[in-house]
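Think of it as A, B, C, D, E and F in the order they're written, each chain with its own count starting at 1.
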Amino acid sequence: MCVGLSAKVVKISNGTAVIDAGGAKREVSSQLLEDLEPGDYVMVHAGVAIAKITDEDDSETDQLMEEFL
Amino acid sequence: MENKTVTMAHGAGGKQTSELIDQVFKAHFANADLTADDAAVLTPPVGRMAVSTDGFIVSPAFFPGGNIGKLSICGTVNDLACMGAKPLYLTCAFVIEEGFPMEKLEEIASAMEKTAKEAGVHIVSGDTKVAGKGQVDGVFITTTGIGEIQDGVTVGGELAKPGDAIIVTGDIGRHGCTILLEREDFGIEADVTSDCAPLWGTVKAVMDTTHNLHVIRDATRGGVGTVLYEIAGQSNVGIRLNAAAVPVQPEVKGVCGMLGLEPLYLACEGRLVIMAPKEEAEDIVETLRKCPYSAEAAIIGEVIADEPGRVVMETEIGTQALLPQPGGELLPRIC
Amino acid sequence: MGDTNSEDKKKTAREIIENYNGPKVRIMEVCGTHTHEIFRLGIRKLLPGQVELISGPGCPVCVTPVSFIDEAIYLALEKGVTICTFGDLVRVPGTKMSLAGAREQGAKIRIVYSPADAEKYAKEHPDEQVTFLSVGFETTTPAGCLSVKAAKEDGLDNYSLLVANKTMPQAYEALKGSADVFLYPGHVNAITGTRLCEALTEEGVSGVVAGFTARELMTALAVALVKFQEGKPFFVNCYPRVVTQDGSKEAQELVDEMMEACDSEWRGLGMIPASGLQLRPEWKNFDARIKYQVPKMEGKPNPACRCGDVLQGKCKPSDCKVFGKGCTPQHPIGACMVSGEGACSAYYQYS
Amino acid sequence: MENKTVTMAHGAGGKQTSELIDQVFKAHFANADLTADDAAVLTPPVGRMAVSTDGFIVSPAFFPGGNIGKLSICGTVNDLACMGAKPLYLTCAFVIEEGFPMEKLEEIASAMEKTAKEAGVHIVSGDTKVAGKGQVDGVFITTTGIGEIQDGVTVGGELAKPGDAIIVTGDIGRHGCTILLEREDFGIEADVTSDCAPLWGTVKAVMDTTHNLHVIRDATRGGVGTVLYEIAGQSNVGIRLNAAAVPVQPEVKGVCGMLGLEPLYLACEGRLVIMAPKEEAEDIVETLRKCPYSAEAAIIGEVIADEPGRVVMETEIGTQALLPQPGGELLPRIC
Amino acid sequence: MGDTNSEDKKKTAREIIENYNGPKVRIMEVCGTHTHEIFRLGIRKLLPGQVELISGPGCPVCVTPVSFIDEAIYLALEKGVTICTFGDLVRVPGTKMSLAGAREQGAKIRIVYSPADAEKYAKEHPDEQVTFLSVGFETTTPAGCLSVKAAKEDGLDNYSLLVANKTMPQAYEALKGSADVFLYPGHVNAITGTRLCEALTEEGVSGVVAGFTARELMTALAVALVKFQEGKPFFVNCYPRVVTQDGSKEAQELVDEMMEACDSEWRGLGMIPASGLQLRPEWKNFDARIKYQVPKMEGKPNPACRCGDVLQGKCKPSDCKVFGKGCTPQHPIGACMVSGEGACSAYYQYS
Amino acid sequence: MCVGLSAKVVKISNGTAVIDAGGAKREVSSQLLEDLEPGDYVMVHAGVAIAKITDEDDSETDQLMEEFL
């Protein structure tokens, strides 16, 4: 459920953020995330930025691999 | 035109119908074969003749990269080209909503003129109906084309053979993505324009490179994915697609990511899927890359004997999975 | 992707999965997107016999009962309301017809990307009554709440929600016995955090939070198998770039401010107490059921449909008599065949 | 068909589009030349080829005497026949409104099948688009026909000559009157049915009688009056009409009397205006009277050198007056 | 028609007209249908030089001022009213556009055969507001009144008239000097009777009531010429099969009960006191101007248009600079070019 | 003005008459005319029978001709 899209924040203003995914831009709500800044990566769902993420890709998975596998 | 809009009187068959035809359509379409009579009188094609028809109801009628007029020529010219036929003659029938701006109609006619010229096709006969306000949305155009099948090449959806390379002539899904962004108010901004283009020149160039071709198909409604499934079915072969090799503009990918859509199922209006024996593939791609509308041509897969009727893709993890079959209406999804 | 190091690691995850020879294990992917990705990536084909993957109730479209569709159609056809909805719901069969069928009869059905767009549409069309079909779990609920807040700020009296939002914890309880390991839905956890999952470990319920890329998913599965062999209940957050222990306080507070728990019917699972949400009384002007006095609907699913059993992992889609015959994605009989995430649809499309 | 109505999915180009085409269109149109490919591959006509297209948007789609399917075949077949061409091939493009009853679509396809058979024409290629509810009213059909011009006969709107007799093949205005009564709610009851009919057989019979023919024109939109003005203009001749000789069904006259309309401007869909040298006229009429759709053929006037571009009528008091020129929309009037 | 005896007589009427060699005479056909028939029959071509036929103000479409069209368009576009009208009015230019132009912009314009049909439409469409454009003279006014009566009986609150009905006597007064003989409008006289016309004789105004078939019209013209040569004012009812001295008492009473005289603007003739009709106060609920508070419209006819002069017989259509150039039935600039009965249209179509 | 149509009354009921012109039938108001009977000829305008006429054709004109001409 809940298709998520990781995207880069390119603009912030007053509760909304413009996010960019491969050049496709759209305004989403940033009301659930404090302190967003242009350049941050967020997970977007249904027009709302629901989580700040450390990177747009899944490179962190490497650490998990090392830790558990 | 004295009138700023199309009125019911323009469709009544009297003086004003003639005025509209003369001042808008004849003004743009004039050529030696165009008729004002009930039917055009023409020299038939030599050899075998290809005939194709398509209705165009795109909404909005104007979009980045073209309009319904350009589209209505490209669609039919490309269908002829896909049979290896040189487009000779074309008819067009308009259904126009009462109140449609005359200026827009002129713009449409002008795009048709330009595109027909580029494709080398003569518009020979037309028809104009005016529908009452609300009876039709803007303007619909139906074109029918007649082409002369070129000697020495036989292509068809049933002729794909295991071992064929599958080539796509450029990045996919731009037309569908453009229309989606224009039509529904999804609030997405992306620099995407329709790939709409007349492709007889492209097909001709490929046919001049080799006669050893099996399938040429324009990936319109339903996109490349639908075409692949169609051909897999018609030729009773499997298709192995290298998903990573399919050219997709990043913006199109981004839009698809947001809306949960598969680019392989977005319409193109200027892209061909070509299947030909593997040994011809490199030459064909090289030729295509020199043509104006296929600089990004790529080999995206091959025809296989296994899995007849199916399209399998290699996945990121090295497994194989089916491409989901073409479904119904494209519906942006949230889950 | 790309650097040799991680390519190696990826192979390792796959190897772990393919070569698993521990005890029999049933893993339930709770999340529909996981179901979909697992099929898309052909992961099932890699699994050795002792690993069974069960598709859980994690597609909001699939668990939404027939009566909800009937309510939406009532609003559209009887009350002339403009329905805004995610595209997924459009083809779900109601008792008599789907929303697509209602549209054929003249209902105004608009597909939106976000509830915020539905609110915007209402603002720009003051002469229309607009209702957004609010389905989904913790991830989606905040978006609906934000749209109602905006409508209040904009002073709209033509915007409302038809709410069928659900919450996961009660479902985990209901499904406890159905699986050995849960593949938790990453985006739900992004909102809720991981404390509940950790707490479930103490009740003997194991699980991993999984992300959605191929590597994330494979890694989470590999981790689950490795940990399962260790023989004791476990929890691992395999989606740390998005999921934290606390989740989104803002989202939790927002939903808590505007919504309250209610009993809720899940297709397949039946009525689960306190598993649903409804707008609090202060927001009742935005509650479509109250606003339009929607009568109680007795939704009647097609009797042939075994969606309920499928959603509980009690049977496979292919065990349903009409699977692939009367019921296909082109002519879905049950909700599980509609959404690309529905188990029946995934089975049909990818096999 | 499993579906009782046409859905958006039927227009999406995937499985359901194929289902619709197979179960409705192919089921009715099947013939050796019909294609499922992008274009039909055909043997071209011998000699000269006639090509004509027309869009059909009649509302309501079903009316006494026919439906839009029958009409869409007759219209194009008749346009070919009017060029002295035997209809060989026909394409049809459908635009269907979401929610259109499948049963009605079948009825339309079945009428097309029957009419095409009667006319001896093969449906060779088609197209189906589904438009969203309200984007189109019911169903629109565009047909394009290809015919083989028969040796020895040359007809055209510019070939009328002073001294020609003007023949009409039956009573006029029935189609227009039928649609008017069905469409607008004027509360008039009259036993009038459309004259809609395929006329290649009729033209063939006339051509077998004499090759000495100048003009054949089907009096569709705009009616006989509009056709006469058109030909007067194209051939730069005058036309003298004997108003009393024009066959009009009493009911049609009655309806026109109530609504203040001129029957000469009501559409026909199964009537020809033929111009030929006076000495051929009796033979032609005799032939026509033996054909199924022209038992009431009559000579209604003659082509004259005077008054070029105009249509003059003899009046009841023996004076001459112009037939008012074709105007715009037909509007029932009270004063 | 048909028997030799009457064929003989017909020739006689034609002979009388063709061979007239009495004094110069100006005959005004008051009625638009007469204008139309005179052209259709080519009668003008028969007239010797001393007989001049003048087309009077007898086409309700032609004399209706621009402001009336503007009012109707206001109702349609601003108030969303469904306009029911006779077809003749659809293409008459208003200040900015015609009703056909408004329809292009989405206005709902329905053409009806009778006001009764407009009332019926209103009854069958309670969700729409319906206004009938009530134009015409004594012949037509009763039909509008009957529709309002029916609406009252049916309890409709969605039906009204936009009234621009006119009465002829005041126009005769205004036109007294313009002609030697009036060809009175037979169907008006069917309602009004002939007493007024007889009375006008005493003021020195001659006239004949004419019917509408070729024979009736020719006979009336012949009678007029014969009588005119006698040198004294005369009146002859040449349409006795329809017109009586008293006319229709029922129609007169009906109109009198429901309507009252008001000043009225005639295109060309200007404001003529007491020449128009409006619904009496008891019926004001059915008066569209009151119901929708239609603002006063200052209709602006195209300045090039000489309809006014044409309608007074002061100039011929061909004297208008734009006649047949800018102004044609396809692109009418003035009302007289719209209706098949308008003098400009008749001149254009038949010559 | 006021296109009139002469037509034959074929049916009468309670304020309305069905008239027939060449086989085209329509219901019109007969409220302005008393004592209409099937077989009568009337002049119809805008859906109202406005006058009873002695005959559907103009044969009466003969008398006028004789009288005046």
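By our rule, contacts are C-beta pairs under 8 Å (C-beta built on N, C-alpha and C of every residue); 3 or more make two chains touch, one makes a residue touch a chain.
No experiment lies behind these values; they were computed from the predicted model shown.
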Inset, instruction - Identify the chains adjacent to both chain A and chain B in the sense defined at the top. - result: C
Legend entry - Contact-graph distance - origin chain C, target chain E: 2
Inset, instruction - Would you mind checking which chain's C-alpha centre is most distant from the centre of chain A? - result: F
Legend entry - Leader among chain pairs (count of C-beta contacts): B-D
Inset, instruction - For the sequence-identical pair chain B and chain D, determine the rotation angle of the Cα superposition and round it to the nearest 5 degrees. - result: 180
Inset, instruction - Just give me the whole-number Å value for how far the CA centre of chain E lies from that of chain F. - result: 21
Legend entry - Rounded Å distance, chain A centre to chain D centre (Cα mean): 62
Legend entry - Distance between the centres, which are taken as Cα means, of chain E and chain A, whole angstrom: 74
Legend entry - Touching two or more other chains - residue numbers and ranges from chain E: 1, 32-33, 59-60, 86, 100, 113-114, 117, 136, 140, 215, 330, 341
Inset, instruction - Send over the residues of chain D in touch with two or more other chains. - result: 7-9, 14-16, 134, 186-188, 258, 260, 325, 327-329, 333-335
Legend entry - Residues within chain A bordering two or more other chains: 1-3, 26, 45-46
Inset, instruction - Sort the chain contact graph into one of these: line, ring, star, complete or other. - result: other
Legend entry - Complete list of chain pairs which touch one another: A-B, A-C, B-C, B-D, B-E, C-D, D-E, D-F, E-F
Legend entry - chain B residues within the chain E interface of the complex: 2-3, 5, 7-9, 14-16, 19, 98-99, 132-134
Inset, instruction - Quick one: which bits of chain D touch chain E in the complex? Just the residue numbers, please. - result: 184-188, 258-260, 315-322, 324-325, 327-329, 331-335
Inset, instruction - Can you check the complex and tell me which residues of chain C touch chain A? - result: 1, 5-6, 9, 12-13, 16, 31-33, 58-60, 86, 113-117, 136-137, 139-140, 142-143, 146, 185-188, 190-191, 211-213, 215-216, 219, 222-223, 226-227, 236, 238, 240-243, 248, 250-251, 254, 341
Legend entry - chain C contact footprint on chain A (complex, rising order): 1-4, 26, 28-29, 31-34, 43, 45-48, 50-51, 53-55, 57-62, 64-66, 68-69
Inset, instruction - Report the residues of chain A in contact with chain B in the complex, numbered from low to high. - result: 1-3, 5, 7, 20-27, 44-46
